[in-house]
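Some structures to go through are shown next.
You will see subunit A twice below: alongside subunit B first, and alongside subunit C after that.
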Partner chain A sequence: MRIDATHRPWLIASLWILGIALAAYVPYALVAQHVSGGTAVGLIFGSIGFGFMLFAAALGIRKRYPIWRIGRAQTWMRGHLWLGSLAFPIILLHAGFHFGGWLTSLLMLLLILVTASGLVGAYLQHTLPTRLMREVAFETIYDQVDHIRGRLVVEAEERVQGVAEHLAPGLGAGATVVLTYIGAIPEINTELEKFTETFEKQIRPWLENKDRKSILRHREQSVQLFEELHRMLPEGAWKTVDALEEICEEKRQLDRQVVLHRMLHAWLLCHIPLSVALIVLGFVHAIGSLRY
Partner chain B sequence: MEIRKRTSKSVAGRHDLNYFKKGSPLRTWQGKLTLLAIALVTLWAVGTAIFRGPQLLSSGPISSSHAVFGAKCGACHRPVQGNLFHRAGFRKDVPDSACLACHAIPAHHANQRFTPRCSTCHVEHTGSMMLAHTSSANCTQCHAQLSTQDGASHFVNAIHSFVSGHPEFAPLRAGFADDQAIRFAHAAHMKHGLLGPHGPVTMECSDCHRVVADQADAWPYGAQPQPTPYAPSGEAGNAVLARAMNRDHGRAYLGPVAYAAGCHDCHTLLFDNHVAEEAPHADPAQVRFFVAAKIRTFAAQHPDVVAAEVSNWTPEPMGRVPRAPLTAIPHNAAEWVTIRTAQAERRIWHESCNLCHEAQIPEIAANATASELAAAVANPEMLPKLKPTHQPARWLRHAVFSHQAHQSVGCVECHTRATNSQNASEILLPSISTCQHCHDGKSHPQGPALATGHAESGCYLCHEYHGWDEKGLRPTPVKAESLRELGVLMGPR
Partner chain C sequence: MSEHPHDKLLTLTIDGQSITVPHGTTIFDAARLNNIPIPTLCHQQNQTPVAVCRVCVVDCGERAYQAACIRECEPDMKVQTASPGVLAARKTIYELMLADHPVPCRRQQQSGDCELEGQAAQAGLGVAAGLETPRFPKRSVPVLLPDESSLSIAVDYAACILCDRCVRGCAEIRHNFVIARQGKGYHAAIAFDDNQPMGNSSCVSCGECMVSCPTGALTNRRVLGQNLQAIYPDAEIPSPEELLAMPVFHGVSGTFLELNQGAVIKRQIRAGEIIVREGENGSTAFYVLQGTVDIYINAQRAHVASTDQKRGLVARITSKLRTKKEHARDEDAKDRTFIPIDASVDLPYDNPVAALGAGELFGEMTCMNFYPRSATVRAQTDCVVLEMLRNVLDVLQKNKNFRAELDRNYRQRALRNHLHSVPVFAGLGEDFVSELQERVELIRFAPDQVITEEGAVADAFYLVRIGFVKVSQKHGDGEELVLAYLPRGGYFGEMGLLTAGTENGGKRNATCTALDHVEVVKISAEDFQQMLERHPEVRRKLEGVARQRAAENLLRQQRSDRKQPLDQYLAQGLVDAQSLLVLDLEKCTRCDQCVRACADAHDGVTRLLRDGLRFDHFLVATSCRQCRDPRCMVGCPVGSIRRRNSLEVVIEDWCVGCGLCATNCPYGNINVQEIVSEAGGHAATVRKATSCDLCHDLPEPSCVYACPHDAAHRVQPEVFFADLLRSTGEAGNAN
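On to the complex of A and B.
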């Protein structure tokens, strides 16, 4: 989600809430004998901060049931971002900037990690989609990438087969005895063998993700390879070579999409489990604090 | 061969329409890691609860004083009889009764308007090393606008902090006078090259003013060490005061300057050329008894010296303090003893006692006869009357102070008038403004946390809320029985 001018009301509201919280905290800290989460003001800060956390966590439930008519997804996302961020300073005020005991220290550590990972995620969500649009013209649904890559292998095989049939019908699948006898062109056969070898040893393994160090990973080297094929093969095969080059380009872009997609979502592997742990321990802390 | 065309149809046709049934690996990992996180924190919480008890819920480390309780939260947190919320086991507070079960605490003032709960001032679970180090706000909540149950307080009633509203120290306020001081000029004794027992002496404050722990040390320039054990002047036997004076292992307060340790080596009490011993620094009657006995003893042991002086009598020499010499002449040993005794008494009263003590000394007529002198030295009425002196062990009775904590500061940095003082009755205590120069209320926690170069200014630094010293009480040791009941001590009864 891009953080643009549409976030301005949320930014202003968050600053207001933070300002009011600080305005309440400063005189309290100056006057109170002891600043802690157990005082009345501390409990209010704690309740508000935990409330913000619960609201942020509710985004996960909202996403699981997208058809529920309880506000727009964008509004939920913005609330998650801004109120979730506010939870950190509010909880700091709740704790009086102390870490306290074991549980509260762990909670504070989790809150720091969750907030930090959330901010990193917000930055990535703000920047990476633009990069994805710019760098991956062949973008597809992430979960389809493996399937599409498989289809690209099949398509490439068909193209290569077509070239062989076109240039050496005597060697192709539909060859007849006569064609084989009169049509064999030794010069082309040599190039065709080289082309087929290039496909089998370089292009196919890379398309099948078996050669992860292939030169085809790099666009410049890929262009060079296909230019050599152009020079080697007669003009009738160029369209196929161009098609193969485009298939490789699409494969390269899909690989890039996978990398960017993982960058875009990998932080959630940290953010979500830690958030859930934070909420669980937050309840333990809330109930325990009321007990003592 | 056809060129490669990308149409919506061709692109869409490549897609696996059942992909959503397979699930996303990323989401699968999210779910697995979330379950792992829940399992880990649950395991941690349950494990801590099993092995550490309710310590899991502790809001912070307990103070070093109460560390012995460990995880026995119930030692202090008691269930409160109250509403359903309380009956369900919530808000187990720390009532005063939990504290008083172990500690016998004296009240602050009998007529105070309200008594805060113990836990209000002694805040636990902050890892405190000293629970007595309480917030000044605890004190100023009353002292900023002080009133008592029986009306206005006779104390200053608008103290907001040490730097705001705190009165000047009592001995320095108008109307206070020290009328029990000796005759003494600090300025005279701080001069360079004073005549000492072994030559020129330039004294420092600490040569005479020593902390209680060092009180038995000898005066550094003395002929021979004269160790004098500590005894508060005029308050000997006052155990409460003695205990207060022994704060910081006897390094908090300066002991009184005793004659034997501070004055004797220069200001001797010699009274007769024939007697090497000095008169005791004691009551005039005891001095008289000592002097007479020593002169009598000399006469008995040296009859030839006495006989020679009777036959060749030398008039009394002029003393350091001008006075008319006695004109009586001895005719025998008894009269020699009488006249020498009278001369010795006059010498010691005028030149020794009167040097430091304000004394009313009955005059013996210079032309008194030997029999009149005999009557005079036997007459108690003819003893000098010395004005009583008293060196207060502590000038600030409602506050405590430690010289040890301030030992890095030179004496005259605070006692600025000491080197120029001409009269011991001047109170040389530093003014409160001197203290406020460093204790300026700007350091944490009384001031901004980041202020450096400022000493702390909390009330607890000088004042004891419970007033153990003032009330002559000693903090009672925690009863072993109480600890057994709490399950802290497991040994036999």
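On to the complex of A and C.
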């Protein structure tokens, strides 16, 4: 979610909550002999902090049922961001800035990791959509990327076949002329062979994702390669060479989309399991503390 | 050619039968008179034979087979019409024609009477069932795309066999001379005027070509395939004879009226009854036969002022306690004294009521362009009106009798108001307007037709009566910069005329193109100059406007690097959309919650794809746009796709899944899905068309509601993109 001016009410509310919490904590810390989560004030902080965590975690459930009319999903997301962030300082106040035993230390570590991964995620989701938009003009539905890359290979093959037929119409399907370009300019055979070789050895393997170190990964080097092809082939083939270049550009952009898409969502692989562990252990801690 | 007089007889033998006919008779006619069938495609009894299809070949015992339609009989000639050789030759001709012919063609689909397919089937070619593998490959040369520009006739070049029956029908029978041949060899095709789209040509939609055509190349376009009587059961469907007896239908093709029965109905309206209401969507126009109707705007006129969104909480709370002041009209709107509506009259601003009598037409823009009704119409007295669909109105508007009556009414009743409604002409004297009434021309233009070309000599001034006109300029790189869109009441052409006589003056400095069905009032350069001489204040105002427009145009050119949004807005058809699902690509994390929500809300089948064209930093998702001109509705055989009085397009339960609406939608926003239906007590898989229904039973579309990132929005494009477009699309124009 983009953190913009529309978040101002949430920011103000969060600052108020934090301010009130600090205002309550400071006299309590000054007066009380022993500051811990087990005191009445500590328990209140703990309940509020854990409540915030539960609310933040509830976003996952909310997203599983997108058409439930229980508040707009973006409101839930804003709550997730701000209340989830607030949980960390509130829990610090609950713990009196102590890590305690192994369980509470583990919980604190998990909370730090969850909060940090959440902040990283928020940053990525704030910035990456714009990059994705600017850098990937050929963006498509992520699940369709492999299919489209496959179609690009087929299209490129057809184009290359077209070049051969265009330059040598006597050889292609539906040929109607006897005197061909080939016949008139025999040396074009060599150029055609070079072109086909470039396609088979450089372009096709890269389009099929078999050559991951291809120079075509880089736009500048790709431009150079296609300029060479332009120089080598007669003007009649330039249109096809341009089309091939565009196919490579689309492939490059789709590859970029995959990378950015993974960055955009991969942090969740860390954030979600840690959050689940935090909630589960949080329950264990709460029940254990209240009972014993 | 026979040298014998036609009253002399000769005898010949056809298929062993001795036949006596006058000299000059063709073999085809001789055989026909004696009930010997000879198939033909290019020949009709009422047309000059041209022998281009060669289907009627017969064996006359000569070196080559002869075309019976053109070969004259000779004494003692022995003709075989169905020898094995003739049948084989004929079959080969059918095969060759079918190699280029879509099977089944549109005519075969509509009425099952494509002559080519019928005759080929009789000749033993299993074309209809696709049983026979074609001996000849399909053509490799691309065929022209179908021409759907005419509202009454569809042109499918792929089905054309170049028999020339339409050409002869148009020229020999109707004397219209609109259709001819163009191109050579594989590129040969029929053409209208100087190769215009049919809708832009001088075709009067008489229907003769369509009736003459033996295949699906020229077919009737029924609007929605619907019968207006289904909506108004009490209305009467006038017979073609009855319509032709009316002066306004005089000259309209009876064939056309025969083919389109139900597309025009006669309604008896009682005094006080509302005929149409402002704001409603509709698709018909009305012609008053008897009685008088009142046309008025019911909505209270009030100026809506913007509020300051940045006001604080206290100000917002206290504002509820304050009395609201009357907002005055904008100063710049005060000089508008008339409200343009979809009728031959404009309504006075202060008292927006007018009356229309017999011979008046209203609802043209709604009918032709599917705009919402602009005013409410109520019967003042008992009335009889003709209500018609757009194909009928289109034919009528091309009919010179009807045009003449409309023009006369407009000149007498509306031109004065229309001119005075334009602020710069408010001071025109009555005597001058009276003179002008007889001299102006009313001209119609089809969508995309160029009205004036940049660089051409300025020879007239134009006032927009119906529709929208796009004003654009070409730049060095050939790109088009749109300067303005002119609605009814807009005018153009004055800049070229005002600079006449100066160096580099007298030329159009912009191209004006019809965006939809447009009608303009054309005032010649002489009348315009005379008007300026007699009314210096008009000259002064026009010069002021011209200066302002020139400055604005210059500014736009300087901003040409920012012109992209408006061009894209048009190119993507967003101008036609009433509601768009847009995703802010700077916010969207591609989580697909919108798609999931849509699927959850619609039995597991999503109606939107998170894919589509980009406009600025928004993705216009593949989801119904609720177009102003919902082309998806045209042709639905069961009328199951329709628009509500609000704006959403809905597909009713009785959809037969033919997919025509999906084909018609230019944006790919309708899909045909297979769903399991348990209606009738047993489960069955049925095909149904689906499109976004805006989750109309919910307060907000599910996709928008479920978006966690505030990226999905259902918006009115002209409002949502207003700021973006303002830089290039501000009011004002050039030329």
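The working rule: the second predicted complex is superposed on the first by the 275 of 292 C-alpha atoms of A that agree within 3 Å, B and C clash if a C-alpha of one lies under 4 Å from a C-alpha of the other, contacts with A are read in each partner's own complex, and residues count from 1 in each chain.
Assume a residue touches a chain if its C-beta (ideal position, glycine included) is under 8 Å from a C-beta of that chain, and two chains touch if they have at least 3 such contacts.
No experiment lies behind these values; they were computed from the predicted model shown.
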Is it subunit B or subunit C that touches the larger share of residues in subunit A?
-> B
Does the superposition put A:36 against subunit B (first), subunit C (second), both, or neither?
-> first
First (subunit B), second (subunit C), both or neither: which does A:141 touch?
-> both
Look at A:129 in the shared chain and tell me whether it touches subunit B only, subunit C only, both, or neither; answer first, second, both or neither.
-> second
Figure out whether A:234 sits in contact with subunit B (first) or subunit C (second), or with both, or with neither.
-> neither
Classify the contacts of A:67 with the two partner chains as first (subunit B alone), second (subunit C alone), both, or neither.
-> second
Looking at the overlay, what does A:284 touch: subunit B (first), subunit C (second), both, or neither?
-> first
Residues on subunit A in contact with subunit B in one complex and with subunit C in the other?
-> 140-142, 265
Which bits of subunit A are touching subunit C when the two form their complex?
-> 1-2, 6, 59, 63, 65-67, 69, 72-74, 76-77, 125, 128-130, 132-133, 137, 140-142, 174, 261, 264-265
Contacts from subunit C onto subunit A in the complex sit at residues 140, 585-591, 593, 596-597, 600-601, 609-611, 614, 617, 698, 700, 702, 705-711
Inside the complex, what are the residues of subunit B that reach subunit A?
-> 1-4, 11, 14-16, 19-20, 22, 24, 26, 29-30, 33-34, 36-38, 40-42, 44-45, 48, 54-61, 73, 77, 89-92, 120-121, 123, 125-126, 134-135, 137-138
Residues on subunit A engaged by subunit B in the complex (per definition of touch) | 31-34, 36-38, 98-104, 106, 140-144, 147-148, 151, 159, 162-163, 166, 236-237, 239-240, 242-243, 246-247, 262, 265-266, 268-269, 272-274, 276-277, 280-281, 284-285, 288-292
